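Two complexes follow with chain A in common, the first pairing it with chain B and the second with chain C.
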Partner chain A sequence: MSLVTLHNYLAVAAILFALGAVGFLARRNLIIMFLSAEMMLQGVALNLVAFARYRGNLQGQAFTLFILTVAACEAAIALALILMLFRRRKSLDVSLWQDLREPDLEPIVDEEPLPAPPEPEVLPHLTPAGREPDHPREETSHV
Partner chain B sequence: MFDDPRNYLWLIPVLPLLAGVVTALAGPRWLRNQSHWPCIIAAGCSCVLSFFVLNAVADGFYNAKEYYTWFEAGNVSIGFTLGADGLTAVMLVTVTLVGSLIAIYSIGYMHHDPGYARYFAEISLFLFSMTGLVLAENFIVLYAFWEGVGLCSYLLIGYYFTRPSAAAAARKAFLVTRLGDIGLLIGILLLWSNCDHLLDFQNVFEIAPTFEPTLRMVICLLLFSGAVGKSAQFPLHVWLPDAMEGPSPVSALIHAATMVTAGVYLVARCTPLFGVTPGAQLVVASIGGFTAFLAALIALTQTDLKRVLAYSTISQLGYMFLALGSGTRNEGHLLAGLAVTAAIFHLFTHAFFKALLFLSAGSVMHAMGNVIDMRRFSGLRHVLKKTHWLFLCGAGALSGFPVIFSGFWSKDEILADALEAGSPGSFGSFVYLFLFCLGMLTAGLTAFYTFRAYFLTFWGEVRVPGEAGEHAHDSPLVMIAPMAILALGAVALGLIFGPTGIFNHFLETYWMKKSFEHLLPEVEKHHHNLLVMTASGVLALAGIGLAWWMYVRKPAAAKELAQTLPRLYALSRNKFYLDDIYGAFVRLLAGFAQVLRVIDLYIVDGVIDLLAQVPRWLGMLARPVQNGLVQFYALLMMLGLAGFLLSVLMR
Partner chain C sequence: MFDFLWEYWAALFPAALGFAGIYLLLPRLDRQYRLLGAALGGAGLLAAGWFLVENDAVLPETILFYAFSALAILGGGLMLAQHNPVHAALSFALVVLSTCGLFLLLAAPFLMAATIIVYAGAIVVTFLFVIMLAQQAGLTSADQRSREPFLACLAGFVLLTALLCVLQKNYDTHKFDALLAKIQELAQAKTEKDVKRVLGDPADRPPGNMSPPLFAELEKSFVDFDRGKADLLLIQTPMPVAKLATFFQDFEEQVQRARNQVGALQPAADLPLSSFSGLPPNKELAKGKVRHEMPARNVAGLGRALFTDYLLAVELAGTLLLVASIGAIAIAARHREGLR
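The block that comes next holds the complex of A and B.
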C-alpha cells in the first residue's frame, strides 16, 4: 500500500471523525448524538486499519476488533440509558437534561425552539363490519 | 522457672492487666456479679509472685531485664525494663497484698452495684499500672505507669459518674496532679538531655550526682514537683479530700495505701540524686513537715469521716517527705540511708493501717446507708461491734499509740531522723529543728483528730441515720476478714519490724548497698531515740486523752472551744480557704480565657475566614462552566484537545 493510498484512507477517516464530532456537538436528539459518537469511533478505527495495512502488521487490525467489541457494549448501555431518559421526559431532547448545573445558574434555553413534533397520524375511522349484539353486561362478567 | 525472678517478674503487672481486659470485655455481659474473680485471682497470683521476688531479693538477686523494646531512634532506645531490688520488692508486696485484700473486701462492699464489672476492671488496671510503676527501671516507663495510675485514679474517683460532685472531683484530681506531672516530665527531659540520652536508673544515678549543683537542684525540684502532685502535698494537696467521692475501697487502695505513695517512692528511688543535693532535701523536708502540720490542723474540724482520714493521709505523707528530706549531711557522714528507710517503713505501715481505717469507714458507710457525716451518727460501737474494734486498731496505729501499734515505731524513726538532721552544725539545722518541733506537734494533733473521729463515731448515745433502715448490721465476713488481716498487720508489723530493725536492715542491704553505698553512714546505726519515743508517745496519749475529755466526758467542751476561737475554728473548718483561693485564681484565669476566646473567635478566626474567601471568589469565576449541558462539556473537551495538539505541533 503506497503512501498516496494511505492518505486517501486517512482523509476519509478524518472526514468521518469530523462529521461525527460536529454531529455530536450540534444535534440535540440523543439517538443521533449517539450515532455521531459511533461515527467518530469508526473514523478512528479506519485510521488504525489503514496504518496496519500500510505498516504490514496486524496490530491495528486487532485494535479495531477491540474497538468494535467495545462499541457494541457501549451501544447496549447507551441505548438502555436513552430509553430510560425518554421514559422520564417523553422526549429525546438533550437540552432537557441540565440538572447537574451549578444550583444558581439558569438553564440554557435555545433561542430557536425545536420544530413541533409531527401530529400523530390520524388513522381513518372504519365502520365496524358487524353490530355488537345487545346483552346485559352484568351477566357476562365473571369476577 | 522460679529460680530466676526475671522469668516471672513480668507476670506481676501483666496478670492484672489481663484480668482487667477480660473483665472489661466479658464482665458486663457474661460474668456480671462474678466479675470479681479475674481481678482477685490475678491480684492473688501477683501477690504470691511478689513474695517470691522478695525472697529472691533476700537471696541477693538484683538484676534488670529488658523484656521488650518500646521504641528506638538513633542511639535512643527505650525498653520495658523491669527490675527488682529491695525497695521494689517491699513496694510490690505492699501494693499486691493490700490490693488483694481490698479487692476481696470490694466483693461485699460493691455488691449489687450496677457497675460491678467496670469497678473490678478498673481496679485490675490500677494494679497493673502500680506494679509497673514500682518495677520500672527506666524513667520513661516509670512516667508512663505514673500517668497510668493517674488515669485509674481519675476513673475510680469518678466511678459514680452520674453524681456531678464525683465527676468534678475526678476532674480536679486529674488536673491538679497534672500540674505536678508537668514538672516531673520536664525533670525527666532535663535528665535525658544531660545523661547521654539514657534514662535507665543505673545510668542516671551514676551520672546525675556529678552535675553542677544548680542543675542538680533544678532537676531534684522538678522531680519533687511530680511527687508533690501525686502524693498530695501542699500546695497541690487539694485534690485528695475531694477524691473521697469514689467508693471507699478505692479511697483505701489508691488514695491511702498505694498510688499516693508513688511520690514517696519516686523521691526514695532518686535518693542518689537527692542525697547529694542538700538544698533540695531541705525543700522536700520543709514541704513535708508543713503539709503534715497543715493537714492535721484541717483534720481537726472536719465532720466527714472519710475526709478526716483523707487529711490524715496527707499529713502522714507529709511525714514521709519530712523523712526523705532529713537525710542530710551531718558531722561528715550522710544520713540519707537512715532517713529513706524510715520513710519507706512509714509508707509500709501506713499502707496497712490507713487502708484498714478507710475500709472501716467504708464498713460504717455500708451499714449507715452511705451516710458518712459524723454529726448524724454516734455510739456505733454497740451496733457495729467488729468494725469498732478494727477501727480502733487502725486509729491506734495512726495516732502512734506507744509500743503496741506500728504507726508509733515508724513515726518515731522519722522524728528521730528529723532531730538528728537538726543537730547543730549541719546544713539548715535550724529549719530541721523547727520541722522536728512541727512534727512533734503534728503527732499530738494526729492522735487528737483520729480519736475525735473515733469517739464521735463509736461513742456516745446510739444514733443511726434514717438511711440505714431498721436494722443497721455489721458487714459480712467477706468484708470483715480482709480488715482483720490488715488490723493484724497494723499491730504486728510494728512489733516485728520496729524494735528489731529487720526492715531497715533489709532495705540497706538489698537496695542501698547495691545502688548508692557512698551515701550510707560508715557505722551502721540503729536510730531509735528513746527521748523522742517517750516524748511522742506522751504527746499521742495526751492527744487521745484530750479527745476523750472533749468528746466523751464533756461533749459541750468542743463547742465552747469553737466559740472561744471562732476565727481559728472557721479557718480550719474551711481548710484554710485554700480551695477558695485556688477557685478565685482559677476564675481569674477563666476570665482571661474568655477574653482569649473572643480574640480567637473574632480576630484570629476572622482573618482565617477572610483568607478562605479568596478561593471561593476565584471559584465563582469558574462556576458558569458547570452548566450541566453535555454538549457544552464535549465542546470544551474538544477545544482543550485541539489546543493541546496545537501546542504540541507548534513547538
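The block that comes next holds the complex of A and C.
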C-alpha cells in the first residue's frame, strides 16, 4: 500500500520546473541560466517517470532516457557557445549581449555601480632563509 | 475571486510564500533581506509539505519521498540564490542527486544510475571546468545582479499556481480516501452489526432498492466493481460476514491502485499499443489477474522497450549525440588567424 500518489510527484516536478523558469528569467550569468534550463528538464523527467510508475509500463522511462540524451547534447553545444561568447566579451554576463534584443525594447541599464572590489591584502614578507636580514647595526657595548 | 482563493488556498499560500522568499533571495547589491527571504522560503516549503501530508500513517516510502523532495526544492532555491557560480553548480548537483532518489522510489533504477552518471558526473563537472576557465577576479555584475527579479518571480509564481491548482482540481483523492476507509472497515468486519454500521440497515431502505449507496458510488468510480455479487452477499439472511469481508479484502488493493492513479488519463480501448514496453494500459485483464504497478524486471524491460519500440529513436539519438559532439568541437576550436 502506498500513500504517495501521482499527484505528489507531479507537484514536486511542477515546483522544480517553476524554480528553473525563475532562474532562467532572473539570473544573468550564462552558466546559471543553462543550469536552470537543466533543472526544468529534471522536473519534466520526474513527471514522465511518475506517470510510467503509476500507469505500470515503461514508456515514460524510455522517454526520459531520450530527454537525458538531448540534455547531454544541449550541454555540449551550450558550453561551446558559452566559451565563444566569453572570448568575445570577456564576461559571462548575458546583458552584454542585449544589442541582440528587439529594436523597440529599451536597453537595460545598471544604475548603481558595483562596489569596488576589496583591495588585495598586503601581507608581510618573511625574509628568505639563510640570509641575514638587513637591519641597522646598532652600536652596542658588550662591556 | 474569493471563492477561488478559498478553494485553492492550500496551493496558493505556500507558492506565494516561496516566491516572496525567492524574490528576496535573488542576487542583488544590498543583501540585507537575505535572511528574511530564507525564512519565507523555508516557511513556504514547510507549508507545502504540511498540506501535502494527507494521513497520519508514516511509512518509509512517505518519509523518503518528503526528504528527497525537500532536498530537491531546497537545492533549486539555493541555486537561484548563490552569488558564486561554483556554489550554484554544486547546488544543482544536489538537485540532481535528490531527483535520482525520487527516481529510485518510482521504480526506475536504471534511470537513476544514468542520470547520476550523465548529469552529476558529466554535465556538472564540465560546467565546473568552464566556470574555472572563465573565472573572473572580483565581483561581476553577472553574479551580483538579477534581471527584473520581480517580473521573473511573478511569472514563475503564476506558472506554479496554475499548475498546482490544476493538479489539485484533477487529482483530488479525498473522495477515494473516504471510500477506502469504508472498504477497510468492511474488510475487517467481524459481525453483522459492523457491516450494518458502514452500509446502513437494508431493512431501512425502500423496497426495490436493496443496494446501499456506497455500492453505487463504487460502481461510478474507476474500479471494476462486481455490484451484483456484493448485493447477493448482502441480502442473504444470516448475513455471510466472513465471505463479505474476504470479498472486500480482495477488492481493497484495486481501490488503492485506483486512488493512486486518479486523474491519470488512460488511452482509448481500441488504440493498438505495443506490449514490449510493459502491459498496455488499455488492455483488459483476465479475470482474477491484477495489474502490477511496474513490470518486475525493470531494467531488462527498459532495454527491450528501447530496442523494439524505440529502435529508430535510439538510432536517431545516437546520431544526434555524434552531430552535437562534432558541432561542439567545431564551435569551440580556436582558429588561428589565416588557418581557416
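By definition in this document, the second predicted complex is superposed on the first by the 99 of 143 C-alpha atoms of A that agree within 3 Å, B and C clash if a C-alpha of one lies under 4 Å from a C-alpha of the other, contacts with A are read in each partner's own complex, and residues count from 1 in each chain.
Keep in mind that, in the parts below, contacts are C-beta pairs under 8 Å (C-beta built on N, C-alpha and C of every residue); 3 or more make two chains touch, one makes a residue touch a chain.
Everything numeric here is computed off the predicted structure, so don't read it as measured data.
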- chain A superposed: clash or fit between chain B and chain C? fit
- Which superposed partner A:L100 touches (first chain B, second chain C, both, neither): first
- chain B versus chain C as contact partner of A:G20, first or second or both or neither: second
- Message: Touch test for A:N29: chain B only (first), chain C only (second), both, or neither?
- Response: second
- Query: Of chain B and chain C, which one touches more residues of chain A?
  - Reply: C
- Item | Closest approach of chain C to chain B (Cα atoms, Å) | 7
- Message: Quick check on my understanding: which residues of chain A belong to both its chain B contact set and its chain C contact set?
- Response: 21, 25-26, 28, 94-95, 108
- Message: Taking the touch rule as given, give the residues of chain B at its contact with chain A in the complex, in rising order.
- Response: 623-624, 626-632, 634-635, 638
- Message: If we count contacts the way the header does, which residues on chain A are in touch with chain B in the complex?
- Response: 21, 24-26, 28, 33, 94-95, 97-102, 105, 107-108
- Note on the structure: chain C partner, complex, touching residues on chain A are 1-12, 14-23, 25-32, 34-36, 38-39, 42, 45-46, 49-59, 61-62, 64-66, 68-77, 79-84, 86, 90-95, 108, 110, 112, 114-115, 117
- Note on the structure: Residue positions on chain C within touch of chain A in the complex are 18-19, 22, 26-27, 29, 48, 52, 54-55, 57, 59, 61-62, 65, 69, 72-73, 76-77, 79-80, 82, 85, 88-89, 92, 95-96, 99, 102-103, 105-108, 110-111, 114-115, 118-119, 122-123, 126-127, 130-131, 133-134, 136-149, 151-153, 155-157, 159-160, 163-164, 167, 171, 173, 253, 256, 259-264, 266, 277-281, 291-295, 298, 301-302, 305-306, 309-310, 313, 317, 320-321, 323-325, 327-329, 331-332
